[in-house]
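After this come two complexes, each holding subunit A, first together with subunit B and then together with subunit C.
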Partner chain A sequence: MYGLLASMFDGLLIGCVYGLAAMGLSLVWGVMNVINLAHGVMIAFGMFGLYFLFTAYGINPYVLLLPVIIAGFVSGVVIYWVAVHRVIGRPILTSLLSTFAVNMILIGLGTTLWSTSPYNVAFSLPGITIGPYTFTGGHFAAAFSAVILALGLEAFLYYTRFGKAIRAVADNRDAAELMGISSARILMVAFGLGVALAAASGGLAATLFPFTVLSGGAYQLKSFVVTVLAGLGKPVGALVAGILLGLLEGAVTPFMAVSWIPLIEFVLFVMALVLFPKGIFGRTA
Partner chain B sequence: MLKRPFFWVIVSITLAFAILPLATGDANLRESLIIVAVAIALASNVNLMIGYTGYVNFGNVIFYGLGGYIGLYLTTVRGWPLIAAAIVAGVVVSVFTLVFGMSILRLRGAYFGLATIGVLEAMRTFVSNFNPWGRASGMYVPMDAYQSLGGPMRAVWISYLLIVAVMGSSLLLSLFIKNSKFGLGLFAIREDEDAAGVLGVNATFYKAVVYSVSAFLPAVAGAIIFFKNGMIDPGGAFDLTLSIEAIVMMLLGGRGTVTGAAIGAALYEQLRGYLLTSESLSNFHLVIAGGLLLIIILFAPEGLVGGFYRLLPRARRVFE
Partner chain C sequence: MRWRYPITLAGLLLLLFGFGSAQTITVGFTVSRTGSLNVDSSEQLRGAELWRDKVNADGGIKAGGKSYQVKFVNYDDESSPQRVQQLYTRLILQDKANFLLSPYSSGLTATAAIVSEQNGKIMITSGAAEEKTYSLGNKYLFQMFTPANEYLTSALDALKAKNAKSRVAFVYADDSFSNAVVNAAKAYAQKIGLNVVFAEAYAPDTTDFGPIIDKVVSSKATALAGGGHYADGSTLARQLYSHKANIEFLSLLVAPDSPQFVQIGDSAYGVTVPSQWELQTTFRPQYGPTGAEFAKMYQSKYNAPPSYVSAGGYAAGLVLQHAIEQAGTVDPARVANAMNATDLTTFFGQTKFATAANRHGLQIAHTMVLAQWQKDKSGKLEKQVVWPDNAKSAALVFPLKQGSAVMAGR
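Showing the complex of A and B:
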C-alpha cells in the first residue's frame, strides 16, 4: 500500500515535467492551429543541450536550464520561419507534414552526430528517505523547476501586454490584426516559446533519466495525451493533466512491466479523443 | 476499366517487372526491383488515404508489419502455405482496421493523424511484449519452411513474383477506386467533409472502408517480404520511418494520382539506394528525406506528376 503511494508520489513529481512538455505543444496548437510534430525532437535536443553544457562547465544543471531555454527559443523562431510560417492557414495536413519533415531532418542530424546510444547527466541531489522509500532530490528539483516555469508562462500570458496579444491572436486572429496586433510576430514568438518549453522539459528530463536522440518521441506521445486530456490552449490545464498522467503511471508501475506503459497511454489518448474532444477541462461544445 | 489506356500501362509494367529478372536470371536486378515493388505497393496504398481522402495516416507501416507477423506466425508455427497465409494475414489486418477505423475515424483531420502515430507506438509496444510472437527478439523462419516451395532459392523467386503481383494489384486498385463512385465520395470528403456529408456521403463509413482497403495489400506484401527475409522483429516491422518514407514517395510523385505514387516510389528508392551505399551519407538519409519532404510541401505540393500535367494537360487522360 505504501509502496503504491510512494510510486504515485514519484509519478506526480515526474508528471510536472510531462506537463511542462505538453504546455509547449498546447500553446502552439492553441495559438496557430499547428500540431508541432518536431516537438519531440526539440525535447531531445534540450536533453543534449543540457548534457553538453553540464559536461563542459560542470555547474548546477538547473542554472544551465536558462541557456537551454534561450537556445530553444531561438531555434523555435528559426523553425517557424523555415517550415511553419508558409503553411499557416493551409490545410492541417500541410503543417503536420512540414513539421514532421523538420523532425526527420533534426533526428537525422542528431543520430549522425551523437548516434543512438544513451547519455546520462551525472548529477544527483541528496534525497529524502521515509521508511523504506527514498525520493531522489533530482525529482523534487525537476518538479519544482517545471512548476515555476509553468506558472511563469501563465503569468506572462495573462499579465503582460505581449502575452495578452498572444491570447488575442489565439482567440481570433483577424480581430486581433484589426486591433493593430502584428500577428506574424506574435505567432513567431508563440512558436519560439513552445519550442523553448520543449527544450526546458527536455533539459529537466535529462537530469532524471538516461536518454538517447530518440527519447523525445516518448515525451511527444505523452504530450499529445496530456494536451488532448487538457483541451487546447489551456497551459495550466496541461500542467494539471501532466501531473494526472504522472500519477497514473506511478499507480500502474508496481503492477506491470514498464514496457506496457505506452499502450496504456495510447488507450487513454484514444478514449480522451473520442469521449472528451474538448478536453476534460473543456467547456461543452 | 479495360478501355482505359492506363490499365494496359499498368499491366505491361507489371509484366516487365516479372519477366526481366526471370529472363536474365539476374539476382541483383531482382533484389533491387523487389524493393521498388514494395515501395510502389506501400506508396499506392498510402495514396488512397492521403491523396484521395485527405487523411494523414502516419501509421501505415502497421499494416505491413502486422501482416508480416501474422504471415510468419501462420507459415512457421502453423505450417500454412505462403499464399494462404499472406491472404489470411491481409484479411485479418483489414478486418481489424475496419473495426478500429469505425471508432477512430470519427476524429477529424489532425486528430486522426495524431491517433495513427499513437496506434503505431501502441502496436509496437504490444508486439514487443507479446510472448507467442517472440517479444522484442521477434521470430525466425526455419530453413525447412522453405521446402514446401521447392527450397530457399525457388522460394525467393516465388516471393518476388508474388510481390510483383501485389504491386500490380495495388496500382489497379488505385485506378479502379479513382474511377468509381466510391472514389468520388472520397474526393468529396477530401475537398470538404461537411459538404460531402450534406450531399449524402456517409463520411465515417467511407473513411473506415478506405482505411481498411488500404490495409489489405500492404499486409499481404508484409507477409511475403518477411517470409522471404526469414525474420521479423518489432523494430523492423513497425518502423515509423518507413511509414513516413511511403508518404514522402507519394508526395514526391504527386498526391491523388496513380502514376505519381508509382513514380515517386521508384525515384525515392533509387535516391535512397544511392545514399545508403555511399558510406558517409548512410546516417544522413533521414536528413535528405526530410529536406525533400519539406521542399515538396512548401514549394511543390502537387509533386512531379502535377508539374507534368501542367506542361502537358493531355497527359492527364492517359496517366491517371
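Showing the complex of A and C:
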C-alpha cells in the first residue's frame, strides 16, 4: 500500500514535467493547427542548453531556466519563419513534413556536435524520506517550476492583451484579422512560446535524468497523449492531464513491469480519442 | 621493340599494386559512434586501434615470410542491428575485409555473425558475451569474453560469503546480453541459497528508474544485481543513490567498468562490476604486452585508463595476430584452424575456444574477477579487485548503505 502511494506521488511530481512538455505542443497545435514534430528535439535542445550553461557558470540550474526559455523562444521564432509560416493554412501533411524536416536537421546537427553519449547535469537537492521511500529534491523543484510556468502562461493568455490576441487568432483567425490583429505576428509569438515551453521542460528534465540528443522523442510521445487527453489550447488542462498521466504511471507500475507503460499510455491515447474527442478540458482546433 | 616499354610499365604497376595489397590485411568492423551503445563501443574501438598502431609500428604481422600492415575499415552502426547487417555485408563484399571484429554488444554481434558466417569470414567477438550465438553451428566465430552465464557468479559468491541471508533483486536491461546474464544468475542465486525477492527487466533506453526503485524498496531487497550497458547502468546507480535505496550490495554489468563511471561521483562508491580484466590481475603473458605495458600505452594515447572493454578490443587483435602468425598465411581456413588450436595467455588472461560443433567458438578458458569502486586515502575513487580471494587487491566494502548516514559520513 505504501509502495503504491510512494509510486503515485513520484508519478505526480514527474507528471508536472510531462504537463509542461505538452503545453508547448498543445499551444502550437491549438493556435495554428500545426502539429510540431520538432517539439521533441527542442526539448532535447533545452536539456543541452541547461547543461552547457550549468557547466559554464555552475549556478543553480533553476535560475538558468530563464536564459533557456529566452533562447527557446528565439529559436522558435526562427523556426517559425523558416519552416512554418509558409505552410500555415495548407493541408496538415505539409506542416507535418516541414516540422519533421526541422526535427531531422536538428537531430543531425545535435548528433554531430554532441554525439549520442549521455549527458548529465550534476546537481542535486536534498530529498524527503518517508519510511523506506525517498523523494528527491530535484523532483519537487522540477514539479514546482513546471506548475509556476504553467500558471504564468495561463495568466499571460488570459490577462494580457497579447495573450488575448493569441486566443482570438486561435478561435477565429479571419475575425481577429478584421479586428486589426496581425495574425502572422501572433502566430510567430505563439510558436516561439511553444518552443520556449519545450525548452523549459527539457531543462527541467535534464536536472532529473541523463539525456542524449534523442531523449526528446520520449517526451514528445507523452506530449501527444497529454494533449489529446487535455484537448487543444488549454495550457492548464495540459498540466492537469500531464499530472493524471504521471499518476496513472505511478498507479500501474507496482503491479506490472515498467516496460508496459508505453502500451498503457497509447491505449489511453486511443480511448481518449474515441471517448473524449475534444479532450477532457478542451475543444477541437 | 615498341612493346617492351608498356609491358615493363605494366609489370611495374602490377608489382607495385599487387605487392602492396598483398602486404596489407584489412580488418573490418562497425562501431556504435551514435546510439545507446556509444560509450562502450568507443572503448572497444580504442583498444583495437591501439593494437593496430602497435602492430604496424612493430613492422606488421609476420606470416609466411611476409609482413602485413593492418588496415581498419569501420562504419557507424548507430547501435542498430539493421545497420549492422547492411554494413557487415558492405565490409565483406565491397571493402574486401580479410578478417572481421565484432560490433559491441551481444545483440549486434548476433546479427553480424549471420553475415560473417554466410560469407565464411573469421570474426573475433569481444564485447559479446551471450552464449546462444555460439550454439548455432558457426565455424568462423570466436569469442574473447567469458560467456554471459558466468558474469554474476563471482558477485553472488561474494555476496553469499558476506551475508547468506541476503534478499536479492535483479533489475536489468531487456536485451539479449543482460537477459542471458540474469537468467543464469537467478538460477545460480537460488542454487546457492540466496533469496531472490524481485526481478524486473527495463527498456535499455530507460532514464527514470524511480518506479522500479520504489518496487525494489517495497520488496525489502538488501542486494541488487543487474544493469545492462553504460547509459542505463550509470543512471541506475545514480538514482539508487539519490533514492537512498538502502541496499547492502550493488553489482551492475559493464557500466561501472568504464573510467567514465567516476563522473557519477559518490553514487559510484561501493558499486561492484563483474570484470573481464582489471589492471590488478597479473597474468604472465606468453604473447604480447603485459597488462602494465598495455595500460601505459593506452593511457599515453588516450589520456584515460583502459576498461575491460578496451582491453578486450586490444586482445581480440592480438589473438587474431597470433593465429595468422601460427597459420603462416592469411588464408581464412588455415587461420580458422589456428584459432581452433589457440590456447594462449595474453595480458587479458587465457584464451581458448570450444571446438565442438554445438558450441564452436565459445570461450572456455578466460576467467572473470569482481571489481569494486572504493576510495583511496585521499578520497579519490578507484577500482579494486575484491573477488576471488586469491586475486583481490582490496577487501570488499560491505554492507553498503546507499545514501544512509554510513555513506554520508564517509
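As a working rule, the second predicted complex is superposed on the first by the 281 of 285 C-alpha atoms of A that agree within 3 Å, B and C clash if a C-alpha of one lies under 4 Å from a C-alpha of the other, contacts with A are read in each partner's own complex, and residues count from 1 in each chain.
FYI, contacts are C-beta pairs under 8 Å (C-beta built on N, C-alpha and C of every residue); 3 or more make two chains touch, one makes a residue touch a chain.
None of these values were measured; they are calculated from a predicted model.
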{"item": "Which of subunit B and subunit C A:T111 touches, first, second, both or neither", "value": "both"}
{"item": "Contacts of A:D10 with subunit B and subunit C, given as first, second, both or neither", "value": "second"}
{"item": "Touching partner for A:V102 - first (subunit B), second (subunit C), both, neither", "value": "first"}
{"item": "Contacts of A:V87 with subunit B and subunit C, given as first, second, both or neither", "value": "first"}
{"item": "Contacts of A:S259 with subunit B and subunit C, given as first, second, both or neither", "value": "both"}
{"item": "A:S215 touches, of subunit B and subunit C: first, second, both or neither?", "value": "second"}
{"item": "Subunit B and subunit C footprints on subunit A, overlapping residues", "value": "111, 257, 259"}
{"item": "Residues of subunit C touching subunit A in the complex", "value": "33-36, 38-39, 79, 174, 200-203, 205-208, 210-212, 214-215, 217-218, 230-231, 234-235, 238, 242-244, 246, 263-265, 403"}
{"item": "Contact set on subunit B toward subunit A in their complex", "value": "50, 54, 56, 58, 103-104, 106-107, 109-111, 113-115, 117-119, 121-122, 124-126, 128-129, 241, 244, 247, 251, 283-291, 293-294, 297-298, 301"}
{"item": "Residues of subunit A that touch subunit C when the two form their complex", "value": "2-3, 6-7, 10-11, 14, 111, 115-118, 120, 122, 124, 127, 129, 132-134, 136, 138-139, 208-212, 215, 218, 249-250, 253-254, 257-259"}
{"item": "Residues of subunit A that touch subunit B when the two form their complex", "value": "35, 82-83, 86-87, 91-94, 96-98, 100-109, 111-112, 217, 221, 224, 228, 257, 259-263, 266-267, 269-270, 273-274, 277"}
